[in-house]
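What follows is a set of structures to go through.
Here chain A shows up in two complexes: once beside chain B, once beside chain C.
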Partner chain A sequence: MAIVTPLKTAAEQQLVQQYADSKAALPGGPAVRALREQAFAGFEARGLPHRRLESWRYTDLRALLREARPLAGAGVATAAVEARLAALGLEGLRLVLVDGIFAPDLSSLDAIPEGVSVQSLAEALAAPREGLDRVLSGPSVAADDAGLMLNTALMRDGVFIEIAEGRELAQPIVIVSLASGEEERAVFHRSVVLAAQGSRATIVEVSEAAGAAAQQINAAIVFETGEESEIQHVRIVTRQQAATVEVQSLLATVGAQAKFDSFALVANAGTVRQQHFIRFAGEHSEIGLRGVNLLGGAQHSDVTLVVDHEVPHGTSRELFKTIAGGQSTGVFQGKVIVRPHAQKTDGGMKSNALLLNDGATMYNKPELEIFADDVVCGHGATVAQIDGEQLFYLMARGLPRPQAEALVLQAFAGEAVAFVADENLRDWLMREVEAWLKAREAASEVSTV
Partner chain B sequence: MAAVQETIDQVKSIDVTEYKYGFVTEVEVDKPAKGLTEDTVRYISARKNEPAWMLEWRLDAFRRWKTMTEPTWSRVQYPPIDYQDLYYYAAPKTGASPKSLDEVDPAILATYEKLGIPLREQEILAGVAPENRVAVDAVFDSVSVVTTFKEELKKAGVIFCSISEAIQEHPDLVRKYLASVVPVTDNYFATLNSAVFTDGSFVYVPKGVRCPMELSTYFRINEQNTGQFERTLIIADEGAYVSYLEGCTAPKRDENQLHAAVVELIALDDAEIKYSTVQNWFPGDAEGKGGIYNFVTKRGDCRGKRSKISWTQVETGSAITWKYPSCILRGDGSRGEFYSIAVSNGMQQVDSGTKMLHLGRNTTSKIIAKGIAAGKSDSTYRGMVSAHRKATGARNFTNCDSLLIGDQCGAHTIPYIEAKTATAIFEHEATTSKIGEDQLFYCQQRGLSEEEAVALIVNGFVKEVLQQLPMEFAVEAQKLITISLEGSVG
Partner chain C sequence: MLEIRNLTVKIADEDKQILNGLNLTVNDGEVAAIMGPNGSGKSTLSYVIAGKEDYEVLDGEILLNGENVLEMEADARAAAGIFLAFQYPLEIPGVATMTFLKAAMNAQRKARGEDELLTPDFIKQVNAAADKLGIAKDMLRRPLNVGFSGGEKKRMEILQMALLSPSMCILDETDSGLDIDALRIVAEGVNALRAKNRSFLVITHYQRLLDHIVPDTVHVMSKGRIVKTGGKELALELEKSGYAAYGEAA
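== the complex of A and B ==
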């Protein structure tokens, strides 16, 4: 059924205007321009995703974006930005985006290891390159998403990373994306990671606000990984303004006998929609998608993923943990597709949620779509409150209730964090979890039931 | 495993693609012209001698239906249905409602005999346990042919009759409860049904009564190009209990036939309704030609405290199945259950599941859904479990497993789990796999043929659901499953 959605909301009209005004200045050669045109036409036909659309059922972007903010200007390295970077205290290769624009001065480009090339997305889009549009388009299951179409049409900058064949990086590459704005702006950025055959690397994305104003962020990261590569991706979305709306698309095409892992932590953010589109392009690969969502207040976190087993012998694992307090909403929509002939697929998907108090909501929708018979696929989903027996056990041993709760929650989140291979990153993630739990305790959101 | 051997024998006696119930009965029928207009609705209402309020109700539904569009969200594909190319009413020409079986067309009686459905009330012989008796309402195309054991049920205070009869004789009950669970405009097919429903069963079990026997309805579509629109309404008053079963068959035809039913269950305080279905409409031939489109709205309302509604279904027939027997758990402490086996083979498409809507406090629900897909069929489980903000202490356990036999079929799971209260505990698990080679090997090592081994494993797979069926049905259902899967093992 063709849903005809006439463009009518103010935000949609503003986006049309913004695209018309800015498209001449957006980076990219003719091929990229054609891709942008096509994507925007797709967006115009669909409008902003809304709740009548199955994949956006629980996150109504049309209602959330009453108005489309003006596009952010060239990122300025404000004092707040520099302070945030200092506080992060990152060693090794650090690539900084301010309001979606690559800031080489703030980045540690001297730390680029051998066999790794880094350029800004704007540069990469301008240079002619074989198959660039294929890379930018990502898996076919992402083709219909209006949120991603907007990103394709309006992406301004980001980083373009290439890792040469066989390179094994000892230290993670950290992409820090900071919003500097003291006014409400819209940010569209995209990064690309091309990992050649046999390469090994860890890519960390940090998305934080350094400014005081809420932002409309539409970001994407594209991975294309070669045979026998091992890529770990970690995303931390935190310290955002409560009214910030962030759409994060992850596109990954995973080669044969490769490993691809992604972990995402959302804590102290506003409305975050993460959408993962993953495609198995070669056999005998393993992918793992995991995450922890720590929600309070009126926060909203939506994790929607589509894993496309296009070839036989693929293994996929998903594990998402959501802790929702206050009036917050957690969403998990996972879809595992096993195409005909994708025999010997092994898929396991799990979403666990703890609701801390009445008023918090969790929506779970784990889907399986299977067209091959010789597969082992399963999913599990639970929603509950903290197990009274576990609390009793800890309290019987002398822990006050708030601490007992914090301990149970920490362990709950820790189950997913444990899958991150890099020890330093694990520690970082657990520090964020603990900080969130402490803040919760301090804000005495702890239920007194 | 005597039962298994039995199913194997059953399979052997039947040809691969043979649908046992595919014969046609030649009877003279009464039917209006093809197509659906207000006149068709008036015709149906007039034929059934309905009071004016009923006609108005139907016409209102029909007008609303005209403004609706057919839903397309389900995971099934079929060519567009021409609603003007159908007969909406077909009744055997036996004169007005037969008083006794002797007045019924012998051809129809023979049909039911062939289907193995007892229409004559069995004499109670000394020493024969009367518990095995089942009261039957037989619906042939658009009309109820006969309802058995009515007198005996009356003694217990139970009303069991066709819905047309209920509209005449118990209008107050019908008016009070009809469309109170499935509103007229609930969905496209329910609205269509409201406008043109022809027959179905009506059950009312009064306060504190435990219905003395199983009630059942057998639906048979016989005529060509005819849609069947049945309406079933079951009310269990406070503390009452009733177990109801339905079975359905249709002849083999090249064309697709439409079956759009609405079933409403209402359970008041402490009442329990157990509703079992063995659905065996003609599934179409191996190429997907013909078969019934089964678009059904079934919903139970646990209106009273501590009430319970349990759905058990064995779905083996129909070219397309599109149904979601649901429970609205309104009363505090009420319970909903859903046990389902959906077997699809050939070109069948099944999109089925359930909804458990927790509204009251301390409500519980359980969902066990087993899907078996073979041949080129597609089987989808679509379900929703939700807890309202006030549904404190809601509890759900869901288990849906799919078994795939062959590499041309598909199995899909689309569950929605929505919790709006922290005290709800929802658990959901689903698996999809094929029959384990180690299991097959184990069985074959011990001398079973591959076919026997598959039957054994499948029976084990669906055991949890079969156990919920009344005894007589369980055996029949077990046979059905084996028949449906026949030819799917290489």
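== the complex of A and C ==
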């Protein structure tokens, strides 16, 4: 058999150069350096993920990144960044990243509650810590992903949050990640949340662009949650330029008798690939992964998740709702793995999409890999148009078509948002959904299928 | 006043003609019943009046107070005063009943150039109308029609009719799926709305509903046309003789 050495694309060659040029300055002690080296070697061997890889089939990163942009600079708090923060008007603990670099001056560090410690990722990587390798690597099902390898190799900063045993946080911790750039740059950041036994917290991630230029973002967040902990994660990715390309990896290792919920809203965000790698590390835990994708224009949203039931008695639920108009593309790839001894697993996965016109596309690919024999697992995937009967019913009561459609679409998205426990966050998410629908209504867009 | 002249309709995507030159007049304040066997085109007639898109009008016109409504979309017809109480009201998960009611009332007000309702006035109106129809507060808090029984759905239709105050009400098989108690409540709700400036078109298979909502006129429909018109006694006659005399088996 001939050994084929693939030619590197321009972007891949640029990434090799960037890593070589910047690695000495990247934060981390010897163990982290070794991890970066290993990750970059893995990336180099694989190259940028492309459509011939099953897990990246519908989001060809190699084709999307024709050029790798220069690494972003120091992360300057521009007036636009400050304006955006003011508009968000966040109370409580707010941790701000500008171009992936933690900005303590913009963060509300005096709001750090008792029992919570916050460091920049750069600081955390520099300090010796037992098990840091394990934390950074995440679940084994993430090990082969070249997108994540790139993040491991090049991550510059982020926040490192530890929540002490038994702590229950009344307010969410919000991580705001803003791109400041007026020029196209590449941003690599990662945050870590270690939630000790019995802790309860809500972590919100907001990803937006304050500057005018499209960015290449490769971000990751790692959760390790202890026994009997209850962690809710909410992510909002919005207000980004159409040409933005963003890869978001979520790594979660969930302890026994714990609850872990993640919800992600993507709207007006360019091209976004979210990949969730979730592992049940202890029995009797519940995991919920949900989200809403609101797509128009040429936007692209890919949700690819792997849920690894490694132990018995785990419950997992996934529910993703996609509304796709224009020439947009939605992707849902969900894989639930039930290991041979993971008996009594209860899994349910659903992806529902509404296409608003002929130009929009949805790819649904649910997969179950079940090696145990005493489990309940199911999945459902639908692609449909707005129900004409529902629409007629609403119009027959006097609602003009755009308003009737907006009501049906709002309800469709609302079914997933309803799972977010925190009422304020639910309201926030629904405001974003309504704003998206209003913009559509204002443009007098109605569905044409 | 509703005047339908020579209405000829087929299903949009098929060659199947359903209404064949139908003529019908319903005067202000009149309660007209349309009776007819399955497949005679009764539901099609109600959908075409309300503005459903699945049909193609080949000929004829529908005039509401002299204005041809066939050019209007369904929402404009609703604002003009047409209300269809559905045979099978749609379930709309995720849309709260109160949100829907308010949106519908305000959309019609807006179309007529009126101000939006203030929330306290809206709630007052809904509560008063709901009480009359025996609709529990709990039902109003649920998503629209989701998990409602057949009777509850029909009562919700009548509640909407009461709140939207239309001038031309079409009741499509409102008695279907109702037990006798539910039928009585719904009929009382309709009777309470009878008024000089409000007309009703009551579509039904059976005489039973007409015991409770007594019509001024009864029309017999067969093969997409009105084939006989009479007073309320015509309904009793049909109950005895069936539709066979009109060229169709019941």
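The definition used in the following text is that the second predicted complex is superposed on the first by the 440 of 449 C-alpha atoms of A that agree within 3 Å, B and C clash if a C-alpha of one lies under 4 Å from a C-alpha of the other, contacts with A are read in each partner's own complex, and residues count from 1 in each chain.
We adopt the following convention: a contact is a pair of C-beta atoms (placed from the backbone, for glycine too) under 8 Å apart; a residue touches a chain by one contact, two chains touch by 3 or more.
Quick caveat, the model's predicted, so the values are computed rather than measured.
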{"item": "Clash or fit (per the criteria above) of chain B with chain C on chain A", "value": "fit"}
{"item": "Partner chain(s) touched by A:426 [first = chain B, second = chain C, both, neither]", "value": "neither"}
{"item": "Angle at chain A between chain B and chain C, C-alpha centres, nearest 10 degrees", "value": "70"}
{"item": "Contacts of A:371 with chain B and chain C, given as first, second, both or neither", "value": "first"}
{"item": "Partner chain(s) touched by A:388 [first = chain B, second = chain C, both, neither]", "value": "second"}
{"item": "Contacts of A:343 with chain B and chain C, given as first, second, both or neither", "value": "first"}
{"item": "Touching partner for A:397 - first (chain B), second (chain C), both, neither", "value": "second"}
{"item": "Chain C versus chain B, contacts on chain A by residue", "value": "B"}
{"item": "Contacts of A:410 with chain B and chain C, given as first, second, both or neither", "value": "second"}
{"item": "Partner chain in contact with A:355 - chain B first, chain C second, else both or neither", "value": "first"}
{"item": "After fitting on chain A: smallest Cα gap, chain B-chain C, Å", "value": "11"}
{"item": "Touch list for chain C against partner chain A, complex", "value": "50-54, 73-75, 77-79, 83-84, 86, 89-90, 92-95, 99-100, 103-105, 107-108, 111, 143, 160, 164"}
{"item": "Residue ranges of chain B in contact with chain A within the complex", "value": "72-73, 389, 392, 402, 404-434"}
{"item": "Parts of chain A lying in touch with chain B, wherever the complex brings them together", "value": "1, 54, 340-341, 343, 353, 355-385, 447"}
{"item": "Chain A residues touching chain C - in the complex, by the definition given at the top", "value": "388-390, 392-401, 403-404, 407-408, 410-412, 414-415, 418"}
